[in-house]
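Please go over the structures that come below.
Presented sequentially are two complexes of chain A, the first with chain B as partner and the second with chain C.
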Partner chain A sequence: MKKLLPFTPFLIFIALAGVFYASIGRNPTLNANGMVGKMFPAFNLPLLIDRNEPIPATSINLEQLILRFQKQGEQRPWLLNVWASWCPQCYHEHQFITSLADAGAIVVGLNYKDETENGLGFLNKMGNPYDIILADQEGALGFDLGVSGAPETFLIDPKGRILVRHAGVIDREVWQQKFASHWQTVTTKPLFEEPLRSSAL
Partner chain B sequence: MQVKKLYSTKLVGFLKIVFLISFYFFLLSPKVQAVIEPPMLNDPQLEQRYRQLAEVLRCPKCQNQNISSSDAPIATDMRHKVENLLLEGKSNNEIESYMIERYGDFVTYDPPLRPRTLVLWFAPLLFFGFIATCFWVGFRGRQGSTDE
Partner chain C sequence: MISDIGQMLLLCCAVMLGSFSIIGFLGLSSLMPRLGPLALQMVKPTAYLQCILMLISFCMLIYLFLSHDFSIAYVAGHSNSFLPWYYQVSAVWGGHEGSLLLWVVILGIWYALVVRHSDALPAPFVGLVAAVMAGVQTSFLAFILVTSDPFARLPLPYPLDGQDLNPLLQDIGLIFHPPLLYMGYVGLSVAFAFAIAGLIHGELGQAWARWTRPWTLYAWAFLTVGIALGSWWAYYELGWGGWWFWDPVENASLMPWLAATGLIHSLAVTDKRGLLKAWTLFLAILAFSLSLLGTFLVRSGVLTSVHAFAADPTRGVFILCLLGVVIGGSLLLFACRAHLVSSEGTISLVSREAGLLVNNILLCTATFVIFIGTLYPLFEELMGYTQSSVGAPYFNAMFVPLAFILLAVLAVAPRLNWKRHSGSLVKLMLPGLILGVFTGGTIWVFFGGSWLVPVTVMLVVALVWSIGMDMRHQIRYAINFKQGIARFKSQYYGMHLAHFGLAVMVVGIVGVSNYSNEEDMLMTVGQTYELGDYQVKLNAVNTLDGPNYKATQGEIEFKKDGESHVLKPEKRFYITREAVMTEAAMRAGLFGDLYVALGESRQQNQWAIRVHYKPMIRWIWGGALLIAFGGIWASFDRRYRRPEAPAISDGTT
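Let's turn to the complex of A and B:
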């Protein structure tokens, strides 16, 4: 013990260096998962666009949204993608959102703090993979979801419980790491049939 | 034997003044940070609580800023929410847990005591104990050597 004593500052330095090294590249803001495991917050929002109806209803609330999916048949989880025309990464991630919809996922859009005109312009240019898009101009639902910016993506089970939250761009890798296992607990069938190849990104 | 003076008394006096001035600015710094004017709530008690909350709530999109000093859109939203919740008559605790529910523990500079934060709260105490033990062991060791 006495022989070790002169080395304690050095040992403390090593321990601290280890802690700091482990934290490099970790973004604490992305780990704030306050809403995971809780019920999707209640809302009543106007629609930006509804794929199934040429003239969309003026507004929709949570119960109506969940009913809508139950009417579409089997119990399936759904995704909520927070996007905006002012968000550069949203353009970047849009292709992957489209591939999720193509693979058969229900994707709800949340047009976050955007102007109607700009939001529609984004869809005209990039295509519309969304089943339905809620217009959250004030960011009220975004706030209740703990959204701090766009893009963000949530996975919600058929009963309305939030299973996963991801802040930032979603891609195949993120899907495989964070979403795929939860997706399969609800539906048993994976969304993407072929396994992820690391070079396929 | 008289210890030889290393510095002139003039220099020491000058350094003291420099130290005091920098210390004064150090005390001033948190106030300089608060740049955004609090809203008029027409109740000094509410305004006081607003300032407390805006000080302790952390902007989730920033590196290290509370919402009273951040210009980020999310910080603006949070300030409005704090204002509204105060006017609705919610307590400080209720408002803090409202934010933690949505944005996680990250959102407060006053972290709650729970299993996950035990290390955070008690590590300084452990560290202090460790240092004290080191001193004690060192002291005893020296006493022992004088006996020899």
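Let's turn to the complex of A and C:
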């Protein structure tokens, strides 16, 4: 036994090397759906900006948010887009988020681990497609959602159950593959009328 | 042309060091002793030559940056003709390829210095140390040449201008942060090389630990300053007002620091008492392994972070092979040879070495905690669960109790004698403890805050009191005061200074985490606000042109008791990268920083302004500097330089 003890660090290293090897080049989006099917976690967060009210309420929680969508009329699913001004891909993704909003989807922004003025600067420059933006400076809600970084996008049904999660940049193709079918089971109507052309993006 | 020469120099170095390393390992171990004399002759010339070649190659990359050679992919990706010259120089290590080149250049310097200053050691031992360092150097050069060549050319047509350096990195902090950090990372390779050489050699006296100590202290001091500088940079450049984020990049640098801190202390036990030899060897390997992991963790695509250096999975396999050879190989060697290194003697429960052992256990636990927290997403994902980040709550919950125990042990252990301490511990510590409880309680009553405040203050006071008492005790036994001061070895001063630095740092952490203030205001030009004791006035908002950015600059006046000062926070738009950066302005003070960031203009002439008050935050970095300075001071101890040290036999002949 005493002779084997010095080998433990080596064996641990071999095991770790195996973990590293398995993780190299692995697409984190493949397995990143632990929250799917679960209820959206409770939160209470300050608002970065609220498009419908000039002076935003200081904070909002999950019940208020769901109530707000129900007040707005029909039962529709909503999207949560995790973004930040420090995230280069978010600039890239923003155009598609805008087209989602233009097509009539409710998009809630989660400004993730960002500074208020940097976040507002992002919106000033890129435009604001979000219905409402939660400011998650500490990454608390992000933690509960299992967010590993920005951007990430969730589709949530009117009752607050998470239907789809996508880590990484969302575009038309991703929407068609992962989101569109779930969207239609709730709304019966596709968000985008014309079918996806392979050269559309 | 220049770039081809630079590349050739790296290749020459790799070939030369690779062959020397093989000859050295074969000739100086028992495998092929007839190569021994050849290896010994090669030690000095190769060490000096590689250092010179590396430096020339590095200067060539700097030259390529300064001459705006955008035909080089790395230059085009990280520089721009409008970038000020000093950032062009620091852009050399602003990305993956260049920072790796910096890594090997620094290793080249350490390597040459070790060979230069080891004349007192037996030649075969120095030869083995050099062979280990040459081996590490060769693997890194191979990695650079195969996967990350900073001299690689772009295909025609060449871009007219570069893509500019990431604006986050255009900063004084980044000019110095990576070189200092790398001095630390790479410096730990010396202790590593000594450990491997010792294991191959098979016989380890206490002298081995003595030689390793000053080198480890230098590396550790550099690492301390490097991490502190990184934290300072994050504080003022990221504009979030925080100083530590438990971000994978930060954790990657903290792990080798903790391991190296453990190593310094266990080296003391091995040096003074000849105990814990195998453990010390293991820590030397561990500290350098964690440095390697720190260098690569964030670059391989295994883990990513907001610091956003290039993360490229295609390099991952190569990195893993490199780590496998260096870390796996040395751990295997350790496993096979550790039984040769025996320590005789026991550790009694109340003694200096017992305290140091507890310190080691705590520091290793802390390293382990950070390791698990940083790699947790990786394990979890592999098991098929969702990827979740382990954030500050986990680290704080795990780290704070460890820090408490560590502080408590730290107050006691340096006052204990080696071998066996006789005398009452209670009598030794009670006055300091009472003083601590009183101070902590008073502060809590007056300032409030969480229960952690009085507990930490109590421990800090007990620690500082203990340091003072120890010095007083030492002086009292001298003939007079002057002689008492002179009696102390620089190692003794260094130790107490570093411990005192830790106390200062902890005070800073307690202050800033419990009594920070943050206020958002909407102000029009000319308007005055009352904010605590201050009258805040927005004097003007101007626009100005920087070399490679356009900025909006606010002029905010703070008045308090008739005294006034103006802070000028900026919002910069970097043209080439189309990125907006917040340049916070701050007024640094010994007891607190005033930190102002300029927000957006909401309506006409109305500006969002965020004011932070960060009490004691400077103490954190000040404490870190004291810690590093203590390390340097301790390394000057004459005991480390005594020529009669050699106790390792020339076993090969």
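Some observations on this one:
Here is the rule we go by: the second predicted complex is superposed on the first by the 172 of 201 C-alpha atoms of A that agree within 3 Å, B and C clash if a C-alpha of one lies under 4 Å from a C-alpha of the other, contacts with A are read in each partner's own complex, and residues count from 1 in each chain.
Definition applied: a residue touches a chain if its C-beta (ideal position, glycine included) is under 8 Å from a C-beta of that chain, and two chains touch if they have at least 3 such contacts.
The structure displayed is predicted, hence computed values, not measured ones.
When the two structures are aligned on the shared chain, A:Lys113 is found in touch with chain B and with chain C. Of the two partner chains, chain B and chain C are each touched by A:Gly139.
Ranked by how many residues of chain A each touches, chain B and chain C are led by C.
In the superposition on chain A, A:Val169 makes contact with neither chain B nor chain C.
Comparing the two interfaces of chain A, the one with chain B and the one with chain C have residues 28, 31-35, 113, 139, 143, 146, 148-149 in common.
Within the complex, the chain A residues that touch chain C are 3, 6-7, 9-10, 13-14, 17, 19-26, 28, 31-35, 85-86, 88, 113, 115-118, 120-122, 124-125, 137-139, 142-143, 146-149, 167.
Here chain C touches chain A in the complex through residues 238-240, 278, 282, 285-286, 289, 300-302, 304, 306, 308, 313-314, 316-317, 320, 323-324, 327-328, 331-332, 334-336, 338-339, 375, 377-379, 381-382, 384-389, 391-393, 520, 571, 580, 582, 597-600, 608, 610, going by the rule given at the top.
Contacts from chain A toward chain B in the complex involve residues 1-2, 5, 8, 28-29, 31-35, 38, 113, 139, 143-146, 148-149. Per the touch definition, chain B reaches chain A in the complex via residues 60-61, 73-74, 77, 81, 100-107, 134, 137-138, 141.
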